[in-house]
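Here chain A shows up in two complexes: once beside chain B, once beside chain C.
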Partner chain A sequence: MWPEKIKPIYDVIVIGSGPGGLAAAIAAKKNGAEDVLIIERDIELGGILVQCIHNGFGVEIFKEDLPGPLYAHRFIQEARSLGIEVLSDTMVLDLTPLRKINAIGKHVGFLELEGRAIVLAMGCRERTRAQIRIPGTRPAGVYTAGTAQRFVNVEGYMPGERFVILGSGDIGMIMARRLTLEGAKVERVLEIMPFLTGLTRNYVQCLLDYNIPLELRHTVSRIMGNYRVEAVEAVEVDEKWNPIPGTEEVIPCDTLLLSVGLIPENELSRKAGVVLDPNTGGPVVDEGMQTSVPGIFAAGNVVHVYDLVDWVTEAGFVAGKSAARYALEIKKAVRRKVRLVSGNNVRYIVPQYLDSESLAESDQSIQFRVVRPVEEKVWVEVTDGEHLITRKLERYVRPGEIVTVKIPQKAYDAVQKADKLVVSVAKSQGDQNA
Partner chain B sequence: MPEIRTKIICITCPVGCTLDVTYEDQKVIKVEGNQCRKGIDYAQSEIKDPRRMVTTTVKVIGGLHPLVPVYTSAPIPKPLIFELVKRLREIELQAPVKVGQVILKDFMGTGVDVLAARDMPQAGQKAQTGSG
Partner chain C sequence: MKKYDVIIIGAGIIGCMVARFLSRYKLDILLIEKEADVCMGATAANTAIIHAGYDPVPGSLKAEMNVKGNRMWDTLAGELNIPFERRGDYVVAIGEEELPKLEDLIKQGIQNGVPGLVFLSGDEVRRREPNINPKVSGALWASTGGIADPFAAAVAAAENAVMNGVTIMFETAFQDFIMDGNKIVGIRTNRGDFASRWVINAAGLYSDDVMHKAGVRPEFKITPRKGEYYVFDRAEITINNVLFPVPTPITKGILVTTTMHGNTIIGPNAQDIQDKEDRSVTREGLEEVWKGALKLVPKLELRHVIAVFAGLRAGGNAPSPNPNIKYNHDYIIEIPSNVRGFVNLGGIESPGLVSSPAIAERVIELLKDAGEKLEEKKDWDPIRPARPRFRDLSKEEQKILIQNDPRYGRIVCRCESVTEGEIVAEIHAPVPARTYDAIKRRTWLGTGRCQGGFDTPRVLEILSRELGIPPTQITKKGPGSEFLKRRTKDVA
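Let's look at the complex of A and B:
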């Protein structure tokens, strides 16, 4: 079911539907945003949780130990029940500092949208072989751990039979267990640092439980094989990560998985002019997760890579709440301005708009010129189109002389209700069409 | 039987406390290093009857994806993990699959069921898109 009608402007548009985006959309809706839209490039909601079939999610938020898809399911259900609109299979191509979005989708074609507030929830991306510069040949069989995870858990392909995993991050260790359960042999997990980079519990339940050896202070110094990986050369490193000669070991395998870090995905943020922190790779944010561009917020791993999904969700709640508040402020700012309309015998009025809240502070004077001279007593009237709000007697009106009329503070309620203020000049006898 | 002291890393939550466990004849006498009550239960279980949650996938015919993720309703004894995975590999489901659907009931008398971790709609249905 697609949104019946895609609106040109939404209170809050969330880019990405992983845990950060879902939480932001839900919080935005709960905090008063009337229409909230999620744009997701995949064919379904949930982001990376779709492929994270292992448990360990939700311990903080739900006090339950849930598999990733089930954790996502709960938020997807909540988003649906709140009436949050979704465009899946749709990719955001561009985002401007004025919160205009260009997107393209299989079912919707090319779209131009605007958000009163935007939440960036694009998540992060894995570092690849190119970013860590492993020497050797370039055969098939070198994957990031997340790509292998997608193949095994969602698409139903085994990427190999004998694996070496580089990096002791959580995804690497979880994939070591997963591949073992699916019948593969994981020869080794190598970690260049002198310590584990993932959670200790994953070392226990993913590596120790299955007798998968972990070697700290080790890395891959060479990939071997012409068409397919045939082996990798592992080597011990010193404190400066330099290979120690004589420690090389060739490990036969057909697949190398890389679990060597995640980088926040911020191409769109850059296009929007969002300032990034070189240390996190994500936007610089304030306590409400607002970026350097007003009205653009960021949620989850797009800001910095979190240890736990529960924390991503919490960050998403903060961003969504702030985004809703911002969108409502903008709407209020627009609505509060009441237009002044030229009525009978009025050429123009300055100011053209009146901030209705201004009457809370003081009387407000407006000035206008007439079209035709009237050399007798006239009423200058201000109405909301039907009801008189205030009026003033003038002895005459002439096009060459500006007329000033004061809207008194006691008209506050009437102006609040009005969607326009009509200024007209009428003869004192009450003949408005003179 | 003499008292035995050992270190166990608690896997109940992401904190991963290192537990200093003293036990005798599979009975825990003392647990130190835990930050919550769960650590004590975990230590007892780990000494006597180590158990693990198992998550894997089961084949689906005609679904949006060819697999649906599944999980055990409670941890199962560690030595049974490979047997469970083997049994699940023999199952073929027909889409649609509903979240929480029982895929395997009372695995080997453990009282543990295997449940679907998500909805798996039929291919071609946009079950996770749209509003409302």
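Let's look at the complex of A and C:
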């Protein structure tokens, strides 16, 4: 999905097309933003919803119980019908505090874009084995629950046959059920806390209904197997999460799934100088989801990890609306500027732009240098490309001497209509193009 | 039976470097490796330091190889395009009581012929490395110390060897020698027998087993010494320098240093173990490393850790060939007197990476001394061209790269900005990367904050497509480490 012509500047650019990004783009468009662009690094739109084929989405927003891809599809369709532009398979490499973006894609090449407002909607990533520092070997067969979910639901492959799941987060429990339905054996779900960390409904529907045992106050103390996981050692922990000696149990398995938490993904936010809250891991925002950098907004799990996708959507609506308002305000504030273009025998001109309203106040002087000397009378002409706006006779021009020409107030109307002002040097008699 | 002039057993840094230096001569060379890629043993997990040479016992072969090897690295890294920086290293004394040890080290370094050793005051060290323990009392600064990428070094050496005619066989395990009296005439492997006039033992952790099969040094024993490490998020902490504590008689201690990729790493501890494959990380080991590193840099925070790993040093018990010193952990670099056709390398632990080019040159000298007429190839090319690394390029270079090959416009590893173009290039390189870990070591993909969570399914897809095999056959690090079991719905 790539628009025919990518504009250099958009009212609102949304980074990420998960539920937060889609909602933000839709809200921005509905609140008056004209050019809205979504940049998505994956080939498909929808973010993580693409692999969430279980139901439970949309109960708040649609009063319906939908699977993830269908929930996403409704917003993708709405975005399409509103004329929101989309760059998929495109990755944002860099974002500056002045809302300039560098992005690359296999089909679009290297892009440099600017947004009058930006919405960060990069979502979150999963905590890894290293972050909880599980001792043992480093074989194949240790996956985060989300990576396993992608293998099973998107790629169509089973990453294992006998599983132990660490963490009672929702993705872990949902994967326990999913893997069981695909003929795998889930030996155990282990949770280091003395309580369930996911939703109770998932415990009932995904673990209890399938007789998958959950052990609270337990963790994995060792991973075994050099090439592929052969077993994990489970252990009971005390209140401070320290293993209780003597409670070790070796559970044979070929795969360990980790469902041990999500972290907002804010690498780009940092590049843009957005202040992050150490407690949430996401940007510090105001009630309109504006971050510490003016014009940069944030939507969804990039701010903090929500319980329900519906709430991510709601947060996206707020961010998109604020972003549109911001973009429209700066658009209004920036007056139209006309570019000064070097014509025949002109090397450069200062200033490079002329505010078209400035002639309402006074005449405006511009200065330039020529490329080569002309030791006879010449006309210095300012045109809009076709029609003469003003001209001035010089006795000679030399590269070492700056030439000044005045654009008079009476040229106001002509400059208003022009999209550029060409300054050139022409001989006083004969061929104007010499 | 296929016949070679030279067979090298083991494609760690030593085997690869020996192959590369020998590829200069008109020899038919085979390099065999039991694993699926180069540098899967000791070279895979170490501190990645180019040691200056003040540590080894003066007069030992270790000291000689270290100092010689160190001088060779500028040319070597230039020819093979190995990421290498001579940043200098520091041995840091904490508190007044550690200062005298620095004096001893400087003396030892001068004895070993190490140039550029300087004593720095505590104030100067604090100025140069603001994160350091404020109780620092002084440091030895060795200007010739450096850091290098050991994977890149082994891959580059192996590739240059292949470019110059060397054959590499992976998943090929040495089983025994074929002898004719006391002369080695070939080897047996799991993939058949190969005849050879010379066999070079570069088996690292298994070098004792290999030499015992030839009847050489039955008393020699490799004791794997495990070292554990932490890797930190580049965005959270930057250490600019290689910081050693003052050493103990057994180890150079727990360092705080940086990789060529800019990640701070801390480690290693030193624990003698029995199992040559046990690279497991232990709770106790990690605690030891943490405490050791905090002594140098108290500001480290556990929440900034993105990976932990363990490596094994191939520690030997060979007495030094120098009769004037008493030292029992020296390198073995020899043509033994009791067996013909055998070049024996053993006990090559730290500083093995820095020593590797000097050891390769010593092997050439030994072969010449043994009467081997080494004739140089006219068309030997010492240059191994580097392949583009997207994230290290300027914006303009990135634009051109994508214009010429759009696959460089697709990011596969988001944390480290590794593109599809780079992965495909590695799969089709002179020493092809055929496993996930092989790609990881060459591109640094999957080493960032998300530790492969995002890229793994995508890399499997690319490997499957480029190698023309189903995703279920793609492995992490060779047979037995397949990522996927079967297709969904395919219930047995």
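Just so it is clear, the second predicted complex is superposed on the first by the 333 of 434 C-alpha atoms of A that agree within 3 Å, B and C clash if a C-alpha of one lies under 4 Å from a C-alpha of the other, contacts with A are read in each partner's own complex, and residues count from 1 in each chain.
Going forward, a residue touches a chain if its C-beta (ideal position, glycine included) is under 8 Å from a C-beta of that chain, and two chains touch if they have at least 3 such contacts.
Since this is a predicted model, take the numbers as computed values, not measurements.
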First (chain B), second (chain C), both or neither touched by A:Gly21: neither
First (chain B), second (chain C), both or neither touched by A:Tyr203: first
Partner chain in contact with A:Val86 - chain B first, chain C second, else both or neither: first
Partner chain in contact with A:Gly156 - chain B first, chain C second, else both or neither: both
Touched partner set for A:Gly115, first chain B, second chain C, both or neither: neither
Chain B versus chain C as contact partner of A:Gly295, first or second or both or neither: neither
On chain A, positions contacted by chain B and by chain C: 89, 152, 154-156, 182
Parts of chain C lying in touch with chain A, wherever the complex brings them together: 231, 235, 277-283, 286, 302-303, 305-309, 395, 398-399, 402-403, 406-407, 409-411, 414-415, 417, 420, 449-454, 456-457, 460-461, 471-472, 475-492
Footprint of chain A on chain B - complex, ascending: 9-14, 16, 18, 52-57, 59, 64-67, 69, 71, 78, 81-82, 85, 99, 117-119, 126-132
Chain A residues within the chain B interface of the complex: 1-3, 43-46, 50, 53-56, 59, 65, 67-70, 72-73, 76, 80, 83-89, 152-156, 181-182, 199-201, 203-205, 209, 307-308
Chain C contact footprint on chain A (complex, rising order): 41, 89, 91, 93, 102, 104-110, 125-126, 128-131, 133, 135-141, 143-144, 146-147, 150-152, 154-161, 182-183, 221-224, 226-228, 243, 254, 267, 270
